[in-house]
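Please read the structure below before turning to the comments.
Naming follows writing order (A, B, C and D), and every chain is counted from residue 1.
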Amino acid sequence: MQITIQFFSYLKELTGCAQISETLAAGATLGALHDRLLAQFPRLAPMRKSTLLAVGVDYQARDYVLQDGDEVSLFPPVQGG
Amino acid sequence: MQITIQFFSYLKELTGCAQISETLAAGATLGALHDRLLAQFPRLAPMRKSTLLAVGVDYQARDYVLQDGDEVSLFPPVQGG
Amino acid sequence: MIQLRNSAGGMKRKLTLTDQPIDESAFLRQRCMSANMGAAAYFLGAVRGTEDGAVINAIEYEAFEKMVVHQFDLLFAEIERRWPVESVRLTHRLGVVKVNEVSLLVEVIAPHRAEAFAACQWLIDEMKRVIPIWKKPLAA
Amino acid sequence: MIQLRNSAGGMKRKLTLTDQPIDESAFLRQRCMSANMGAAAYFLGAVRGTEDGAVINAIEYEAFEKMVVHQFDLLFAEIERRWPVESVRLTHRLGVVKVNEVSLLVEVIAPHRAEAFAACQWLIDEMKRVIPIWKKPLAA
């Protein structure tokens, strides 16, 4: 299945891209995708624990099971205001 | 010594006057004055404990020793805002 | 109208007691906020249409003005001691204030949100404890 | 500019995300406060001249807008569940915001002071926890 991944704020600068696409096996979790991205972009690793994960417009936990077409977002702690 | 006493809010309505003057012996305390006023205006008695006492523009305790010319104020709990 | 200002060196303070309608946009235009300040907490109080369950038309505010001014001065001094506040402004209306009209405006400017909110709420709490102003509901 | 309104029956809500300077007096003029409401708590956030000790010229705000809108909707719904609030309005500026300019305006209208302040502070605290907006200081 095909998953789109967006990076925001300084994660975007660390990966050097705002958006990528990944092909995953059915049943893959959000956590598994995150681990794969950390391997692909080692500069994201130090932020592993503080990185927030969303699917669409909702936050999701690492055990969330992805579906074909999901839009995943990775970003650092938010700082509005 | 001569003391001026002002009543505010509904205490003024209960006494029927905004201001009176009392002659007290030297060394009289604010508490003693309050007791005398309660005897003089029995309708103030139910509010005895909640009545606030000020001398000039400062709150004072009942043991405050009055001085000639002091301006004493009696009023109910405040309600600004 | 009584106006009290003080900004000699320390925290800016402005107290206004008025029997005229409060001009909120003028109040805002007079705001002065330096580049080190990030937060302004405001509060607006208005007269509600009911008081203790009864429908009312207005509230009449009575004040012992000389003492109001002195007691606010003490509260402002305490704010300056407790928080890094740049400016406090408070306007209180006196006399008859109709339902829906503004009776109180408070503004506290500080570097950060937490202290702006803390000082603003503390000031209103203390006002309701020590400032000699009383309300008399006027029936509809 | 994104504007989101909702006042069907329940609490009035208005969210504005804009890359233009925030017009505070227009924001105030649009206030709607019924006769049962006695309190409006406001907060204004401005860009400070320093960030982590360094002098800055501006802050650039980046947002994941679609998610910002949805997450604010969840927060507004929670406010409606928790407090008897009549209206919540929030305007957040995005893009480059210079020092001293307003980045955030929040207003909560409620019957009484305690709930207006509580909901206003809760909303800002939650915003800083879940709303996907990020700051990038731009050096002077």
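Keep in mind that, in the parts below, a contact is a pair of C-beta atoms (placed from the backbone, for glycine too) under 8 Å apart; a residue touches a chain by one contact, two chains touch by 3 or more.
Values in this document were obtained by computation on a predicted structure and should not be read as measured data.
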Set of chains adjacent to subunit B and to subunit D: C
Interchain centroid distance [CA atoms averaged], subunit B/subunit C, Å: 27
Between subunit A and subunit B, centroid-to-centroid distance (C-alpha), Å: 71
Geometric centre distance via CA averages, subunit C-subunit A, whole Å: 48
Multi-partner residues of subunit A (at least 2 other chains): 81
Touching two or more other chains - residues of subunit D: 45, 113, 124
Pairwise chain contacts, counting only pairs that touch as defined: A-D, B-C, C-D
Complex contact set, residues of subunit D against subunit C: 24-25, 28-29, 33, 35-50, 99-100, 111, 113, 116-117, 121, 124
Touch list for subunit B against partner subunit C, complex: 6, 8-10, 52, 54, 56-59, 73, 75-76, 78-81
Touch list for subunit C against partner subunit B, complex: 45, 61-62, 64, 66-67, 69-71, 92, 103-104, 124, 127-136
